[in-house]
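What follows is a pair of complexes built around chain A, which joins chain B in one and chain C in the other.
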Partner chain A sequence: MEKSKDKIIKISAKNSLPQLLLIFVLLGMALFLSLASPFFLTWENLRNILDHSSLYIILALGMTFVIASGGIDLSVGAVAALSGVCMAVAMKGGLGVGASILIGLAVGAATGTLNGAVISFLKINPFIVTLGFMSLWRGLSLIITGGIPIYGFPRGFTWWGSGHIGPLNPPILLAALLGLFAAILLNMSRFGYYTLALGGNEEALRRSGVSIHLYKNLVYMLCGVTAALGGLVVTARLNTAEPLAGWMLELDSIAAVVLGGTSMNGGRGSIAGTLIACLLLGTLRNGLVILSIPSYYQQLLIGLIILLAVIFAEVRSRKKISGSKPNSR
Partner chain B sequence: MMKVKMQRTLACILLFILIAVTAGCSSPASSPPEEEINGTGAAGEVDESDKEADTEAEATEATEVSPKAREIEQVLMGQLAPLPEFNNNEKIGVLIITLANPFWVSMKEGYEEAGAELGVDVTVMAAPTEGDTKSQLETLEAMVARDYDAIIASPIEPFNLVPGVVKANKKGIKVINLGPPISTEALEEEGGWLDGRITVNYEDQGAMAAEYIVEKLGPDGGKVAIIQGIPGAGQSEGRTLGAQRVFEEAPNVEIVSIQPGNWDRNTAYNIASNILQAHPDIKGIFCCNDVMALAAADALEAAGKREGVVILGVDFISEAHEAIKEGKLDGSIAYSVKIYTKAALILALKTIQGHDIPEEVFSPLALVSKENVAEFEGWE
Partner chain C sequence: MTTVSSPEKSSHHGEKKNPGPFPPKGLPFIRLQNIKKRFGPVIALDGIDLAIYPGEVTALVGDNGAGKSTLIKIISGVLKPDEGELSLNGKVYKHLTPSRAIELGISTVYQDLALVDCLDVASNIFLGREPLKAAFFVDKKRMNKESEELLRRLNVSIPSVTTPVEFLSGGQRQGVAVARSIKLQGRMLIFDEPTAAMGVSESAKVLELIRSLGDEGFAVLVISHNLHHVFAIADRICVLRNGRLIKNIRKEDTDLEEVVGFIVDSNQGRSKGTEAKTRQ
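And then the complex of A and B:
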């Protein structure tokens, strides 16, 4: 038993090299953009990048846990839209801002738990389950709103998207605080340890007497809550709850998580990597606009970078496994 | 160990080359960033005159401007008099909806040609896809961080660009709204405003198309359907409403289905075949744009039921022009992209130069059908 735990630890052993490389690429890109355009290195623009990246960060943090546990959640974009719509309906129905936000977060938690329950109790592939829920929640948002965005909320609500806290704004600070919280949770808590173990060797974890169901549910619930927080930010920022909000956001956040060095096979996860990857993608998108490069190239470039990073990470981890233990595979 | 290190460095270098090369390759397509650092240097002017030479060459190729187009241009320019000063090299940024739709691609070309003609430095940007409201806002915000004198914006939906417009207002960048409306009510609430608006009347577009369908159906009427764009999008709602009103008022005409096609060819194709399944006696389909109308025509053709069904779209893209000539499509509602974009740039110049402008400028419309398609030869 101890041995299998050791193994889990070894597989999940942190290795910060890919993250260092990401920082290096990020800085290189920032340097290039600063030289190429006088509009890049201004506080206004840097704040834009942080602001734009914050939504990706919030969603990708929850996604990091899910992917590190060996799962995937395709429903986050739709959950963001649904929880935003629920908050809007609650406010329009006369509820206070705080209560409405809580309702939205509860919707996120509930959808996440539902994901987790179907995946763990019925043992169905997470890809299919969350794909189904993605469409279900999107459809529900469209039905609730009748396809028409709900617009106009109290100041106390829009503050969450467009307010000011010193030179920064609530989404940026929310993303930063969540990042800190997630890092502590993943690296220092029992929950984080079990999350990685779920992805590394689920069977071993089960045999050591840990409730797989409980932790799987918690992981997906966390992801649902971060998706709802993303819904809060996007709804508050646009002062509109759109049934189509967060379109394709699930793919952006999965891309950021994988780019950040979290393994798609589970067992390995990095919060710092996710944060840097979100900033990297945010900077890339911003830089391409600042340089007036057409949107066609944006998608091409983002795809190329993700592919290169994933190939690099995979080659490296294979080398490592075969290098350290020639006979272990 | 050495090998691993080598690979790491190699991957780094690769990534950098990739970024540098792609950035380098694509910048000639737009304005190269280096020139902007040096101000409006000689290189920039060469670029401009190149563009002008290009458009002149194109113009001589297609010297015949359609009579309809000339008529419409005069109506619109009348609304814009007196004209501003040209060739001052003002920087105007344009934010359109997406480059993944032929209509917006032709709008981009229209802007660029009109910019060269008027001596204005025009840069056109877009959201990656038609549904990506958040990316479009981010693109606008990044544009505001640059040094444009004015920005012409066409939002995906009424609210998504509001925060970006407010930022532009604060920075003193003039904002012109073209096409789908930006909600002025939402803007006011955030302390923002629009400096001008130019649009086509969407309800009129739907109504004109529907009137043609009703006319073709004759006194017997029949079943009709509407395929919308993305629900909630201004053009889609307006066109649907206009068509719906006309259909409801017409005797013996019954609307059997109104479905969202999301501006998407494939979705519209499926909807059209489903409608045909449910109502084999369908007589008319109005689609909120040409791409979807062409798909509907294809779907009916594939089912062998194209005969006897009147299908109309909106936008009069070049593919629709061909299709109307061939009889594949029954008609479309046209507004000249060339005149529309030129008018938008003139409107932007007027605001930059401090002219008074009308609160809202409407681009005139024309119905194209097989009866009059010959008059639209050379239409842009």
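And then the complex of A and C:
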């Protein structure tokens, strides 16, 4: 019995290895940057990193559920723009701040559910479906605004981007609360169990009498809502609803999720990993700016990191499968 | 503790030592009458009459294409028969649906299809039936405790109920799949080639488990190509050939060679007319 206990501890340690590794990389990077620049370890700068990371965290949390369920959502950046535009139009049309925000979130939920419906009911590959919707929502945002940004909102709205709550910003607190909620949801609720089961073995879940359609729709709906929250933060921060806001945001959030140890094949997801990975990417961007490295190199470096993370995760999981299951499949 | 459901042992269970008149007394869990199924021009099942009893392990044997799989698919509600009826619980059904079959306690134990590799043993056993705390949180403690009890009762040894299923061997997976079927209120458990692709000691454990399910009072139906395995666990052996049930015989009344003969049809002449009606 003792022996098997040891084995289990080893297994769970192995499972959280990528997250531990990320923490080490993050700490190493912070140490290097604080030695390289006197500006890095100031509260202003740290808050800056948190502030920038919060947008990625909000989007990546929803994306974690989608990827853990074996899917992908390429439309989040476009949904962020569309929901921002809808909030702006609602406010310019005379609606209150609260009502406008709710409309934006509803738009996010609706687009997510649409993703989920096409993917689950019509059984079409999520990559293609969300790629199509990405272009569709971006086009719709451009049509609604005529390509011209909408700007100038009440203070109650811009507070969501640039207000202050003590030493922190609303986006940071929103990201933190959402992170806590997501961790509870993924690890402790039926919804979380079924999200992982969808990614692990959809057929088994179907055979146990759980509605696959319902839960797939809920997963994509959640992702749509987080995309809309991201749209709220972007729009409020810039005091502008841009039809081209959130450009490439899908790539950044997918990168963070994969870097955080959530499996692209589904079945495995880590909220803590996603949070750490977002902070890591945020710190990296910040460091490149502090060290005055041209922004072109940022793009290149982030692409490189994503590739390395995916290769590392994939090779690891392949080894694990061939090591533990010699006689099946 | 109380949620672990076990079928009541019926009265004939005690008389097992001396097999009574055939078919035995006691009520069958399910009775099939004149089940016919054709796929286009192919007659898959040609008038099957079969009763499956609680507390018995019934083995379904036959060559490839004899109709075994079609028969269990009809019992588990995946296929509709063209003719005939199924009686369960004193009710007669023209056909079952998968969800109706599960409601009635018919559960097919799939080795691979039913388990989610990335979830742990307890989560797999309770998948779709997770107990809740405060109407939201999955009651992990209770799941672990009840899973441990259930697995101990089934004599399935696994390192821990919190191990992800992907780290288990084929036999352990089979054990978890059985526990899961019982958790789904299964009264009748169907196994399709339960020892396929398993090593010797692993197979032995699975066979022991299936045998003990019969002894616990479940109605068990097993399909297997391995007659040694069949003879190790079955109370009753049913031989299918060309969609007909040509033999329904107690294990004590036959031997391996004879069953091989039934399967490969060595007594062609005898079987053509009379043997099809062996079951009086």
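We take it that the second predicted complex is superposed on the first by the 314 of 329 C-alpha atoms of A that agree within 3 Å, B and C clash if a C-alpha of one lies under 4 Å from a C-alpha of the other, contacts with A are read in each partner's own complex, and residues count from 1 in each chain.
As a convention for this text, a contact is a pair of C-beta atoms (placed from the backbone, for glycine too) under 8 Å apart; a residue touches a chain by one contact, two chains touch by 3 or more.
Every value quoted in this text rests on a predicted model; they were computed, and no experiment measured them.
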item: Partner chain in contact with A:Arg190 - chain B first, chain C second, else both or neither; value: second
item: Per-residue contact with chain A, leading partner among chain C and chain B; value: B
item: Partner chain in contact with A:Trp247 - chain B first, chain C second, else both or neither; value: first
item: Which of chain B and chain C A:Ile290 touches, first, second, both or neither; value: first
item: Which of chain B and chain C A:Gly209 touches, first, second, both or neither; value: second
item: Partner chain in contact with A:Thr113 - chain B first, chain C second, else both or neither; value: neither
item: Contacts of A:Gly200 with chain B and chain C, given as first, second, both or neither; value: second
item: Touching partner for A:Ser34 - first (chain B), second (chain C), both, neither; value: neither
item: Partner chain(s) touched by A:Ser317 [first = chain B, second = chain C, both, neither]; value: neither
item: Chain B contact footprint on chain A (complex, rising order); value: 17, 21, 24-25, 28-29, 32, 36-39, 42, 44-45, 48, 51-52, 55, 142, 146-149, 151-152, 162, 234, 237-240, 242-248, 285-286, 289-301, 304-305, 308, 312, 315-316, 319-320
item: Touching residues (chain side chain B, partner chain A) in the complex; value: 3-4, 7-8, 11-12, 14-16, 18-20, 22-23, 26-27, 29-31, 33-34, 36-37, 98-99, 123, 125-129, 131-135, 137-139, 141-143, 145-147, 157-160, 162-163, 183, 186, 189-190, 230-232, 237, 260
item: Chain A to chain C touching residues, read off their complex; value: 4-5, 7-8, 11, 188-190, 193, 196-197, 199-201, 203-205, 207-210, 267-268, 321, 324-325, 327-329
item: Chain A-touching residues of chain C, taken from the complex the two chains share; value: 99, 102, 110, 112-119, 123-124, 127-130, 132, 136-138, 140, 159-160, 162-164, 166-167, 169-170, 173, 180, 184, 197-199
